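Shared between the two complexes below is chain A, which pairs with chain B and chain C, respectively.
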Partner chain A sequence: MSNASHLRIEGLTKLYGATAAVEDVNLDVAQGEMLVLLGPSGCGKTTTLRLVAGFVAATRGRILVEGKDYASLPPYQREMGMVFQSYALFPHLTVAQNVTFGLRMRKLPKAEIDTRLEQTLDMVKLTTMADRYPRQLSGGQQQRVALARALAIRPKVLLLDEPLSNLDANLRQSVAREIRQLQRAAGLTALMVTHDQNEAMTMADRLVLMNEGRVQQVGTQEELYEQPLNPFVARFIGHSNLVAGDLVEADSLRLPGGAVMKLARRYAQRGPHVLALRPERVRLHGEGDVAPPRATATVEDGTYVGGHVDYLLAFEGGASLALHEPTGATGGTRRARGERVALTWDAQNERLFDPNGAIVTAAEA
Partner chain B sequence: MSAPPETAATLPRAAIPGSPGTVAALTAVTRLLVFVGIALMLIPLLMTAYMSLFADGVVTFPPSGYTLSWYGRLAEFPKFGQSLSTSLRVAAMATLCSLLIGVPASIALVRYSFPGRGVLNVLLLSPLTVPGVVIGLGLYVLMVDVEIRTQFPLIGSDWVLILAHLLITTPWVVRLCVANLVQLDRSIEEAAANLGASPGRVLWSVTLPMMRQGIVAAALFAFIVSFENIEMTLFLISPGMITFPISVLQYLEYRFDPLVASVVVVQTAVIAALLLAIDRYVKLSKVV
Partner chain C sequence: MTARRPEGLTASMLIGPATLVVMLSLVLPLALLARYSLNKYDRRTFMIEAFTPENYLRFVTDPFYTGVLWTTFSIAIVTTLLCLLLGFPIAYKLARSQSRWKSIGVLLIILPLFIGSTVRALGWMGVLGRGGIVDALYGALGGSGISLLYTSFAVGIGILSINLPYMILTLQSVIEGIDARLEEAADSLGADPTRRFWHVVLPLALPGIGTGGILVFILAMNAYATPFLLGGARFQMMAPMLYREFAVNNNWPFAAAIAFILMLTTLSLTAISGLLVQRRYKAQ
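Our next item is the complex of A and B:
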């Protein structure tokens, strides 16, 4: 990986006073890859992007593009094209002047500037708007100007800070597709920030999930969903249930209230652990329909949402679990509140973490 | 619609104690006070405008007739040419110099943090808090002292007036430019840097053009403040060189006639026009 990486971030850290906004971030982005930074509010996504762009000075760490360290260069020497959340178009310049701004700063010959302007406007389908001012454009059009302006300089890396957040919902999808297509066509290495999980899943080649300034996991959509490395990832991506309990036997997890779950795998460890289970990967049965069940519980609540019923189950003693039962299998009937149910799941859907949040692997297959 | 349940529209009213009658009475009193206030400000102006139309050279009441001819004789006002050209010259230079100081200062204050920023902020705005007479007297004493030591005539020179006016025009320029700058999106300047503009280019190609409205407003305001200043200027003029408002003041010491009334009306009209022009660029109620 490291040989092929086009953008490489090593040990990137930003301290504000004693608190770290970004701490020891290491990333490798391949040429032409779109890496999406995702995480809850305040986790350091924007700071990471601004560190790469050079608007914020790193406390430590290196930012390598094609092997050259950019960390100490000012923003105007970094050759990274950024698309801002607010678009940040120059209000006193026309669309054409906005798009050619970076080219004029580079003092390219006039003929070259004209060709690139034409090409870029053509790419974002704004040829007819060249002489308008930003205030005369719709939000979606402004967004495309911002993108065109960044693409025109043929940046080494494209940086996108929540590029879709100011668009209305039905425009988002088409703009997302457009950005992705332009980035692919230009073969640009891109780093994008979003707090919207759907957006991240749609746009990314690979995802970076951050929390409290640290990278929690880097991987493809499948890797983050199927193989979360810690309870935070399991919870954030797809809302896994996190069930705390005591591993009392190789395959028995005792919940705080006394209920016991039979696990699908056997583990060597004992003591407190956290079990992550996805709501749609747990099967629901009538009590006694399956023997032996992994656990039994009571239906607390059921919400019919179309494709599935959203159940909240309670274990004996208080612990609870969210679960989705596809309506196709049940013919659309909903289980009554108070009904006793049995649960089963397959071994590959069971993820067990120790109290430090590290994944626990099964002792035997 | 009869007696709707408490909607958002009726809630604020419900929060004011008292019946709807009290509320209506309070509204009426407020309106009356505003009206009286405006009337008090306008009456002297209207009276002056009225008297500028009197036909007689000595103001008597009732006038024997009305005429617009005083407006054609503005140039007969004593020292009209000299005082007007001095005022215009001083105001233009004070405006230019205060822009040269105030615009960079406001950018520094808003965009950069540096040691002494708070002190600079207070220093730049403090002349507004000192009465003009006090500044004028202080400057006068200083100038006389320097004149005695250097044998160089300072009182009555353009430059002393310009320097004095800078003390009041610069704070206004800073205030208006700061108000303009804080509402500009910082990321626009970052975008320029991102596209390859060095800090100097960002300033020249992005920050200053975006500040245009604030700068125009500041220039007009500085011009007015300098042009109509009397308190400070009184101390710094010489018999051969007075400013326009002071020529009016001196004239009024001896007589009041329709000529001076028409001079004042013209001056007020010009300043009002400038203020309206500023208001188009920067809402004055937000900064003054």
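Our next item is the complex of A and C:
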């Protein structure tokens, strides 16, 4: 691993009894990078964040910031700025008192506190709200106070727990951009948790997809979408059809009902495998329009949703496949139910996994 | 069919009976008591119709009676403060507990409330009296017999044990209302446990501390069985003294005056502390 990583998590594990909420998480976050933890509820992303913040004691593992291990320190000695999902603003304190709370706990000189308060409020554009109480603010303003409070202590790492989930949908984008801009301007290393894929895609420099307490894949948006490392990633990021079948020849996948797909690549393995295909990366043709097709199927259902038609196709013998056909190419016509169709796709859009979920690489192109 | 009645009339008709019951059962006896307190007392005929402040003057000018009021007030204040000091940590633990033993803990707090204060005072007599548990332990350690019974200590302990559950339950519900995330926020901002308590938990629990304190203070000011049984003949508090004037001396006018003095003292102290808490809370 590179020495450039500012926050480094090694073998982080949290056991509750015998069950692992977080298991062997290893992450490297560069200075100024925004790493977003993404996953379904209960996947361990929030626990990971709380472990880093120190609210939960780790069973094993190290949390290194600038080379120093924080794993055994209490949260009040960790110097990590946390933004809570519910904001957790002190209701009995004004905006100014909330923002300066961490500074007062550090017993900074009054002049220093005043300058930082001014700077921070200016940064989040809340200078006129300094004397208000949290209950007198809108949700978006409360969010900014929470952010300002965390930024004011000039934390080593900024932790964000679902920071947008309590906001109105139309406010989310602007707040997301604002958080991003502030974090970049301050050059802060940040770790954010969300269950919302769009949010994660918008905010992240890199993403960490978690499931059942384990990291499934770490990478950029493109890497996770284009090169999922296992079926879970393929299905969770965007959508993927997971087609189970038997690899009977180097390029033939036999589906349970007997239909056979001609794969774009050739593989050395044989036996049961799972093929991941994204609905928008499979092309649809009339039967006989393309030779040879990779597979043929019947239109089961088609839903016109504007930009594309959302088809459900059935293979001979029962297996099914979701497919998006752009309406631009067809002039908006919808294929009739029962129509026979042919399918093609390109080699780079084909991801094959073995029964254990490991990616299978092609033997030859 | 009848015409539609005005809404105000319907409302007053609905509230009417309840108001009447409250008037009859609460306000009327109080008014009667107030009237009695202005009457004169005579050894043979007991109560003579009059309109004189002499009962109140007698209380205020006699150091014995003001002394009893002062004792009552001191015991009430000390037990209230002790209730707070002992009750807060327990209430906090209970409120923040996520263990399955929590409900058992709450039950243990509530359980003593099922037993009347008289019975519990009797229990304390067994603990503190001559030949009681404390005495026996002290003797076993080589001391010569001690009796803690009939002291202000005994009364204090008795009232404390009776009032503590009320304080704990009040505080627990208030602390449960304080978002645990606020404490985590304070934590992450660099507040160690002590400062977290002073800067976040305490200010937010203040209304509960006020409510619990007032509740426990009123109970202590009006305690009857505990000072009667654990304080004995020489340790005087207001409620037992009131009873003696009323039932033993048959001096209803003076008893009525004592009742009003006790009530007004308690009410005004409660109002003052309530205002203080409110002002501090607003100022924060």
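One rule holds in what follows: the second predicted complex is superposed on the first by the 364 of 365 C-alpha atoms of A that agree within 3 Å, B and C clash if a C-alpha of one lies under 4 Å from a C-alpha of the other, contacts with A are read in each partner's own complex, and residues count from 1 in each chain.
The rule is simple: a residue touches a chain if its C-beta (ideal position, glycine included) is under 8 Å from a C-beta of that chain, and two chains touch if they have at least 3 such contacts.
Remember, predicted model here, so these are calculated numbers, not experimental data.
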item: Clash or fit (per the criteria above) of chain B with chain C on chain A; value: clash
item: First, second, both or neither for A:Ile153, with chain B first and chain C second; value: both
item: Interface residues of chain A shared between complexes with chain B and chain C; value: 53-55, 74-82, 84, 86, 88-92, 101-102, 105-106, 149-150, 153
item: Residue ranges of chain A in contact with chain C within the complex; value: 53-55, 74-82, 84, 86, 88-93, 101-102, 105-106, 149-150, 153, 159
item: Residue ranges of chain B in contact with chain A within the complex; value: 185, 187-188, 190-199, 201, 205-206, 209-210, 212
item: Contact set on chain C toward chain A in their complex; value: 179, 181-182, 184-192, 195-196, 199-200, 203-204, 281, 284
item: Contact set on chain A toward chain B in their complex; value: 53-55, 74-82, 84-86, 88-92, 101-102, 105-106, 149-150, 153
